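Each structure below is given as structure tokens.
Both complexes below contain subunit A, partnered by subunit B and then by subunit C.
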Partner chain A sequence: MLSPKRSEALAAYLFILPTFIGFAIFILYPLVESLRISFYEYSILGDTYYVGLDNYDRLLNDSRLRTTYRNTIVFTGFAVFLNAGIGLLLAVFLNRRMPALMRNFYRSAFFFPILIAHTYISVIWRYLYQQDTGVINYYLALFGIDAVPWLSHPGWAMAAIIIMDVWKNTGFAMLVFLAGLQSIPYAYYEAAQLDGANERQLFTRITIPLLSPTIFFILVIFMIGALQVFDSIIVLTQGGPGDATRSVVMYIYQQAFQRLDFGYAAAVSWTLFLVIMAVTLVQFWGSRRWVHYE
Partner chain B sequence: MIAQTRTPFAAGRQLIRQSRKPMKWQDIVSYAVLTLAAILVLLPLLWMFSTSLRPLADSYKLPPQWLPTAWRWQNYLAPFESNVPFELFFLNSLKISALTTLGQLITCSMAGYAFARLRFPGRNFLFLFLLASLMVPGQVTIIPIYLMMAELKLVNTHASLILPGLISVFGVFLMRQFFKQMPQELFDAARVDGAGHLRTFLQIALPLAGPGLATLGIITFNATWNGYFAALIFLTSWEQMTLPQGIALLTGYMNSGNPSVVMAAVGLAILPVLIVFLVAQRWIIEALTRSGLKG
Partner chain C sequence: MSGRISRRKFLRYTGLGGAAALASAYGLPLGAALAQAPPSDISEHLVVYNFGGAQHQEVFANAIARFNEVYPNVTVEDLYIPSTEGWGGFTTNILLRIRSGLQTDVIAIAIEGAHELIASGALLPLDDAIAADAALQEVEADSHPALAAGLAGRDGSAYFITREWNNMIFHYNTDMFEAAGLGMPDPMWTWDDFLDTALTLTSGEGGDKVFGYVIPFFFFGLQPWFHTNGTGVLTDDWSQSNLDDPKMLESVKFIHSLVHEHGVAPAPEGTDSLGLFTSERAAMVCFGRWTFANYIANDFRQVDIVPWPRKESGTTVFGSGGWAITKSASNVPLALELIKEFSSVETDVDSIRFGTFIPSRRSSAQREDFLAFPDHAHYFWDSLDDIKPVPSPANFAEMSEIFMRHMGDIMANIATPEQGLEAAHIELTAAMDRLAERMSS
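Our next item is the complex of A and B:
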């Protein structure tokens, strides 16, 4: 007979066993294996040989990789800034006194795009963005604006992807901000108002500090998500024109699954992993300085 | 857009001067901004819906008509009659999403329960170990997983998508939060009554974890239903493909697919999501934001 303590531990290990089997096979092993592959010239048909740091040497001089990193960083910067900024603005407005019916309507409207796959959203917007037949250019023409080459001009194509991303994801930022705003006790505002604080002071001295954990959370998850952008771009522009909107993940996909250059693709994927890890750690480190936990 | 947002500001300033009630113009501004944003969010979806009901010949017609001008519901049959096996895409997505969701509900609730309620050596270390792996992007692990599936001859089968989806670190974390909130007295009482760990889990913890299971179920089902990256890599024949792949096929080379047919297909694809949303929307919003906040 096992002691109660031991039987509790045994039960616990059995409970976590399925998760850890899956974890070992589909996360831990592939993580180590992808690092190993990155030191090989890897062919699926045999002829795999060790090449040391050649793949890493190659990626330092790969101008296409540099382009895709630049695209990804431009996308991430705009997408995170606009999603978080507009999301916060809408949440602040939505948190004002208003009939519950109105608030629910706005909330549902902003929430709906979150549920729809990036693929479908790109399919819809690809029609809207068409230069000659698209709805957007039709309305711009009413304001005397010439047809914008949304999907065929490098700069406009990137703008098109960012606009679509904000359309889809701002609602999520807004909902999380709204939940954060609603958890701030109203008494704080009343006390500050009694002390003669004006609306702007309430916002900068109470709302922002108490909302800082939420802001931090949104920045981290939006940045990590944006650095991995793939679905929306591959359907909307296929990375074009040229490589103008190709993201790092699209480049990994192309190298691995279209050119079957697994070793090089694994090396590139590890650079992305390191970037994401660095961003996460820097933000956690920075958060100690400015995030205010109650 | 700039012109439209400025007007309420200007109007608002005048109101202040007239009525000296500073709250008034801010209300107008916030309603104006929220309404404009809601319109911008809803218009593409409205366009999708009205286009899906138009006669095929009119689908490119400008000026755009936002409200349906015709009600050609037969467009919704067109994807099934097209040259791609649309009904198979639908069934494949349903099968993959349902099995993945079922698997995660089982594995995540078990592990989440152990991490929240049981004491064992290495608990904190193992949990942090799992959490740290959330930083690993799927693109790093997908290459070895692909090579593994190729070795096992599982490429272009649904197993290649379902097997890696049976566990979820996020799901373990989410379920742990739900189990942690339950009062300790319940579990003490179960122990006094002589219930074993499995019985306590199945008969006391799980029935109370309904909201947690539903949250995880909805998040996982939606994510799998909408998933594209892995499907694009693993599934190569039309018979195996999922709905997002199928719709990308329907749009055709260089967008040659007819918008009305494609939009009807998109409408069908988001229908399950829409139904769940309408049935349980307030609750889903709460669950999603709450799970996010605790992340």
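Our next item is the complex of A and C:
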């Protein structure tokens, strides 16, 4: 007969068992297996050979990997900043008094893109971005602006991907920020206004500090997502022109499933895993200085 | 659908089928096992790994229905794998599927992925089967030798029964040519003639610009610009990079000049060629027959075709599809019977109406309904007389990606043609060396 305490502990373990089994099969095992594969020259149908650290040696001299990391960092920097920034502005705008119909319309409109799969959106934006027949350049031409080579110029192609990403994802940031804003007690604003605080001070001294846990959440989530960007780029530019928009995950995919170099792809995957983990740890460490939970 | 079975089919399906099944089961030579078809009351499940869009699915669903008239107890699972990742991704999917132990009996694939599959050792050689089967011999006899040759293994063995094929050919807008006072291009026209024509057809500026031409900016599409100049991305045996050939540089410079010097074509990366052509913003494009499905569906009839302009020759490129059987197939004789139905005249006729492919049978390509549109549809089949297969070594995905990535750099002026081709040559040489090492081991 188990003691009540042990019985309670057993029940707790049983409750988390299904989740743990799923985690072990779909996360833990692939993680360990990918680490193992990274030490092999791995063939789909033929023999595999243990090559030690050879795949990791190759990382150091791979100029394309450096390019894809640079692209990913540029994308992540702009996408996270713009998604969080515009999402916050939209949330503040929608948190004001306005007719319910209008408020609901705007919330739905801004959130709607998040419901559509990246692939569909990318196909549509690919048409919008056409240099000679695209809608965007058509309207730019009405203002006398020359056709922008959205997809055929290295700089513009990255900009095109970032714009599309912000259009799609900023609605999610807006929704989360809106929930955060509405959880801030109105009494704080009233008290500050009685003390003579102006709009800017209300925003910087009350809204931002009390919204900091939400901002932190958005930054972590968007940073992790942006570092793994793949599907929107593969449809929109296929990583081109050249390697100008190729992300690290695209490069991993290419190494594994086009070159069948699974060992090297696994090694690159581990570098990305470590980068994401490091960035997230730095974010958590830094958050102690600016995130206020009370 | 008619339930009647032709006499030939009846004889084919109902002969000494049991003997064939037994021979197969007891490991007798494939040719002997396939001399006769399995009995029509056999129960089996076949898995087909297929490619193509909704129209293909309809064509092959009809073929399976005809097959089931003879083999009512055989279920056929026709799996369609999107090829958005290109043939490399498609091939990898198949290899992963086989490695995972999932049943895969019949595989349809294009030449771009065929040699990777052959090199993997996953496919059954079909020489004995073809030698022992009059119906398969008839399929090959009605085809063109170039199509089977492109799909043959490097050892000369046959691993595929020819499916449909496509080439690259010039499509031009007859209305725009007429409006510009131009007649149909001479089938023997040259690069210079082409450039003059493109310049004549290019007009306007900015958002109103109409282009004479759109570059087919995909690996298959670019090949005729090299073939017609007597060169290619790889050496003729597909074993080494040929990008250091001065003729390659000449071809790439010509392609580059169409955008950056003559302004007759838009920057190709990301450009919707078909959209520009069908919206009459471009007078000439290059495709095979696959865009005719779009033309027919949208009643875009002001289009005709003409062979590729010549430099040293008029050699264009083709890619053919094929049907193969895996070594792990659950019932090889039955899988062959299914392939015969997929390669039948009925299937060819069914697919002609959709305008997606060029049939692999000469007799089908000479049918009135195939030749009805465009006016010079006979150029599709005629191109087989001066044609090369798209270079398709076992590392096709890697090889083509390397080339197209550097072409992207060149066309975006990130690199000059000289720099881009030199960098591509170095990278491609290493890739082909790795392939040679892999093949030898």
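Keep this in mind: the second predicted complex is superposed on the first by the 272 of 294 C-alpha atoms of A that agree within 3 Å, B and C clash if a C-alpha of one lies under 4 Å from a C-alpha of the other, contacts with A are read in each partner's own complex, and residues count from 1 in each chain.
The criterion applied here is as follows: contacts are C-beta pairs under 8 Å (C-beta built on N, C-alpha and C of every residue); 3 or more make two chains touch, one makes a residue touch a chain.
What you are looking at is a predicted structure, and each value in this text was computed from that prediction instead of being measured.
Engineer: Would subunit B and subunit C fit next to each other on subunit A once aligned, or clash?
Structural biologist: With subunit A aligned, subunit B runs into subunit C, so clash.
Engineer: Quick check on the superposed pair: does A:T133 touch subunit B, subunit C, both, or neither? Answer first, second, both or neither.
Structural biologist: In the superposed model, A:T133 contacts both subunit B and subunit C.
Engineer: For A:D54, select first, second, both or neither according to whether it touches subunit B, subunit C, the two together, or no partner.
Structural biologist: A:D54 contacts neither subunit B nor subunit C.
Engineer: Considering only touches as defined above, state whether A:T237 meets subunit B (first), subunit C (second), both or neither.
Structural biologist: second
Engineer: Could you say whether A:I44 touches subunit B, subunit C, both of them, or neither, answering first, second, both or neither?
Structural biologist: Both partners, subunit B and subunit C.
Engineer: Which partner chains sit in contact with A:D62 here, subunit B, subunit C, both or neither? Use first/second/both/neither.
Structural biologist: So A:D62 meets neither subunit B nor subunit C here.
Engineer: Quick check on the superposed pair: does A:F257 touch subunit B, subunit C, both, or neither? Answer first, second, both or neither.
Structural biologist: Touch partners of A:F257: subunit B and subunit C.
Engineer: Looking at subunit A, does subunit C or subunit B touch more of its residues?
Structural biologist: B
Engineer: Can you list the residues of subunit A that touch subunit B in one structure and subunit C in the other?
Structural biologist: 44, 126-127, 130, 133, 138, 234-235, 257
Engineer: Any idea which subunit B residues touch subunit A in the complex?
Structural biologist: 22, 26-27, 29-31, 33-34, 37-38, 40-42, 44-45, 47-48, 51, 60, 62-64, 106-108, 110-111, 113-115, 118-121, 123, 126, 130, 133, 135-148, 150, 163-164, 166-167, 169, 172, 196-198, 201, 222, 225-229, 232-233, 244, 247-248, 251, 255, 259, 262-263, 266, 269-270, 273-274, 277, 281-282, 285, 288-290, 292-293, 295
Engineer: Applying the document's contact rule, which stretches of subunit C touch subunit A when the two form their complex?
Structural biologist: 84-86, 88-89, 92, 95-96, 98-99, 120-122, 206-207, 209, 211, 266-272, 275-276, 279, 281, 395, 397-398, 401, 405-406, 408-409, 411-412, 414-415
Engineer: Which residues, counting only subunit A, touch subunit B once they are in their complex?
Structural biologist: Going by the criterion above, the answer is residues 5, 7-9, 11-13, 15-16, 18-20, 22-23, 26-31, 33-34, 37, 44, 86, 89-90, 93-94, 96, 98, 104-121, 123-128, 130, 133, 135, 138, 167, 171-172, 175-176, 178-180, 199, 214, 217, 221, 224, 227-228, 230-231, 234-235, 249, 252-253, 256-257, 262, 265-266, 269-270, 272-273, 276-277, 280.
Engineer: Which residues of subunit A touch subunit C in the complex?
Structural biologist: 44-46, 126-127, 129-133, 137-138, 141, 146-147, 149-154, 157, 234-237, 239-244, 254, 257-260
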